[in-house]
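Chain lettering (A, B, C and D) follows the sequence in which the chains are written, and residue indices restart at 1 in each chain.
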Amino acid sequence: MTAMQIIFLIVAAVTLGGALMIATSRRMMHTVLWLVLTLMGVAVLFALLQANFFSVVQVLVYIGAIAILILFGVMLTRRSMVDAGESLVHKNWWVVAVVIALLFAAIVISIQPWGAAHTPLVELMEFKEPISDLGEALVDPAAYLIPFEVSSVLLLAVMVAAIYIAVDRKGGKS
Amino acid sequence: MIPLSWYLILAAGLFCIGLFVVLTKKSAIGILIGIELMLNAVNINLAAFWHYYTQLNPSQTPLNGMVFLAIVFIVAAAETAVGLALIISAYRRRNTSVAGEMDLLKG
Amino acid sequence: MSFFRDPVVFLTQWLNGVLAGWGLPPAWVQVISFTIGGAILATGAMLFVTILIWGERKLLGRVQDRYGPNRLGPWGIFQSFADMLKIFIKEHITPVGVDLIPYNLAPILSVAAVLMVWSVIPLSMTMYGVDLSVGLLYFVAVGALGELGIIMAGWGSNNKYALLGAFRAVAQLISYEVPMVVSLLVPVMLAGSLSMNEIVKQQNIWFIFISPLAALIFFVTQIAEVGRAPFDLVEAESELVAGFNIEYSGLKFGMFFVAEFVHAFTVALIFTTLFLGGWRGPGAEQYPLLGFIYLMLKTTIVYFIAILMRGSLPRFRIDQMMDVNWKLLTPLSLILIAVTALAVKAMQPLSPWISVPVNIVLNLILIYLTQQLLVRYFKRRKIREVGSRNRPVARLEEPVTSTAESEGSL
Amino acid sequence: MLSDWLYIAIFTGIALFLPGVAIFLAAVLSPKKPDPIKTSTYECGMETVGEAWVQFKVQYYVFGLIFLAFDVETVFLYPWAVAFNKVGLFAVLEAILFIAILLGGLIYAWRKGALEWV
């Protein structure tokens, strides 16, 4: 067991633990804070995989923007400051839990025979992070120009749609 | 070092927990959070496979995985934004954010 | 002699040699030397800022025609330490109903989020924590953790004013992050890298001379990110009691102030690194220690300019602040990116003697056009009569002359 | 390089440790005399009235949303900016189109009156 493996196991435990707390937490606000912990764990996993750019972008976009937006959403859809103490979970959750445990077992068993899955991921030496190559490919018509432009159209559509839905029609203000 | 399968199993676990959250939470925002977890699990897989592929082909710089990751980020952001807008709008009309009570189309 | 030329590298090599001599494996040597280096950097940052607080209070005192602190030690130089000692031994009041973990974690997270930036800033050519390949984005991302600290403080306090203040603060922070992120594209574009060290090394011409408007936008957004006057709405005493930190006391309260002061100095440091050439100066390559002195001098000047702004400008109202961001800075920074990208690309084959002046002229034209647009907007805008339905006064019996109020407010 | 992240991790640990220890020491040293008045919620000296809830404005959501859109844009624009010196004029025009489309979203929000903080 190398130091890397120990670090990975700790990070994995924190990530999955945060995710489990999301599933069991009763207060909406705590759910979001646990979500932040899970997202942080995923960012560390990206760093372990040497995807530096995406590790930082994970913190920037997921924690800095998406989690904050969800928090705003939580605040906007509540009647009182006190979190609901009642269970936020369906009463026959255990059926779902059993089915999903079976699904997980199926996935784990199905990747066992695949030999390549057991390749150790070594540190990429002499490795220059391909941010620059990524940038070139994104604006190269032969490579990923279409996804690049389409994503901006998608963002425009998101802005227009979400503002149209969220802001009341009459008077344009809430 | 760390075998690829560890990352795959972790991603599978995260995906399963996300699915569990989606299926069991009553609050609509809770369901959105579950979807975020599932998308993150997918991202871990993509990054792990990207690393694996780069390791096997050190001469070239494969970018498919990175572009895929970036697209997942954008899709996750779009999904959260529009989903929350719908929830807020529904809350204003029905005064609830519990998914089971949004049954306007029920016959 | 090599010690005075470059003390940090000298000491690091000496330490590594000593540790390796004890028979430790290289990985442990690295961990120990990283820990010692990081501890010195973080403690040094906090101590240096403590001394700067004295300078800030002294200068603010002069701006407001006062002496400033002048009792403890020569020129009151020990005042900050006395204040720290006092706040250190004050009682920690934990109000009823707080959410203990977020409540206690929030001040720690606020300070940590600011300190973490220091690990990627190059203090001189050989003196830096780490040369991260995505250092600039790391700086932006760490800011997100500070927002989280504010939300946790507001939520954990179990006080509706704290919560409201926290959400206002976060709305301000995320809003000003948009023009900041966009204006940061300019140095990245010019340097062709996200690494802080690389950006400094590329500044044969300081980037402020290539794109002064980007520097200006970044500077304004940074003042807003720190939450200082004229953007200190976070501490709107009149509207929100005091803001998100109202339920804190003792050192937990003090930590938010430590975070603010360290943050103010850190953003000046980042501004210097990105736009003022960082540690660069005559002889800085041969003598890295000299580079560190240059960096600190430039940073202190930037910091005191921000303090002078703090002392002279009145506070924005929240709607004005949002207007400045969304209707002025954000469109302007997006247009600036397009203009700069086109101009730099079109003039790439030309020598810098032509392209740099053209860039400056383009920036100045943009500034002039914006200013004209604003002047015309405020001329056209109708100022409502005092006493009308939209601008009511408390007592209508006395006629109010509208001359004093007719000035348009941005 | 992974050693870069090792340094960041250690530095993060120190950055959390320093204020944590300071607060812990201060909590040990400081006097502890709580009483019901002192620990009650602070509201300008008034009694706290119920669990009153301030309704949040939808503007928070709108600003968060536009921020999210521009933040996600960095995922694409920063790699482009890093590669700026290597790409041609055509690539710059593509990026400008990208920015212009985003600016369109901002203008829509502006026209819709969603940027007003009322």
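FYI, a residue touches a chain if its C-beta (ideal position, glycine included) is under 8 Å from a C-beta of that chain, and two chains touch if they have at least 3 such contacts.
Just so it is clear, the structure is predicted and the values come from calculations on it, not from any experiment.
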Pair of chains joined by more contacts [C-beta pairs], A-B or A-C: A-B
Chain whose Cα mean lies nearest the overall Cα mean: D
CA centroid of chain A to CA centroid of chain C, Å: 29
Centroid distance [mean C-alpha coordinates] between chain C and chain B, Å: 33
Geometric centre distance via CA averages, chain B-chain A, whole Å: 6
CA centroid of chain B to CA centroid of chain D, Å: 21
Two or more partner chains touched - positions in chain B: 70, 73-74, 77, 80-81, 84-85, 88
Shared-contact residues (touching 2 or more other chains) in chain C: 132-133, 137-138, 140, 158, 160, 163, 167, 174, 177, 192, 194
Shared interface positions of chain D, touching two or more other chains: 4, 52-53, 56, 58-61, 64-69, 71-72, 74-76, 78, 81-84, 86, 95, 102, 106, 116, 118
Listing of all chain pairs that touch each other, if any do: A-B, A-C, A-D, B-D, C-D
Chain B contact footprint on chain D (complex, rising order): 58, 61, 65, 68-69, 71-72, 75-76
Chain C to chain A touching residues, read off their complex: 27, 99, 102, 132-134, 137-138, 140-145, 147-148, 151-152, 155, 158, 160, 163, 167, 170, 174, 177, 192, 194
Touching residues (chain side chain B, partner chain A) in the complex: 1-10, 12-14, 16-21, 23-27, 29-30, 32-34, 36-37, 40, 43-44, 47-48, 50-52, 54-55, 58, 61, 63, 66-67, 69-71, 73-78, 80-82, 84-89, 91-92, 95, 97
Residue ranges of chain C touching chain D (in the complex, touch as defined): 30-31, 34-35, 38-39, 41-43, 46, 88-97, 104, 107-109, 111-112, 115-116, 118-119, 129-133, 137-138, 140, 158-161, 163-164, 167, 171, 174-175, 177-178, 181-182, 185, 188-190, 192-194, 241, 246-247, 250-252, 255, 258, 318-319, 322-323, 326-327, 330-331, 334, 337-338, 341-342, 344-346, 348
Chain D-touching residues of chain B, taken from the complex the two chains share: 70, 73-74, 77, 80-81, 84-85, 88
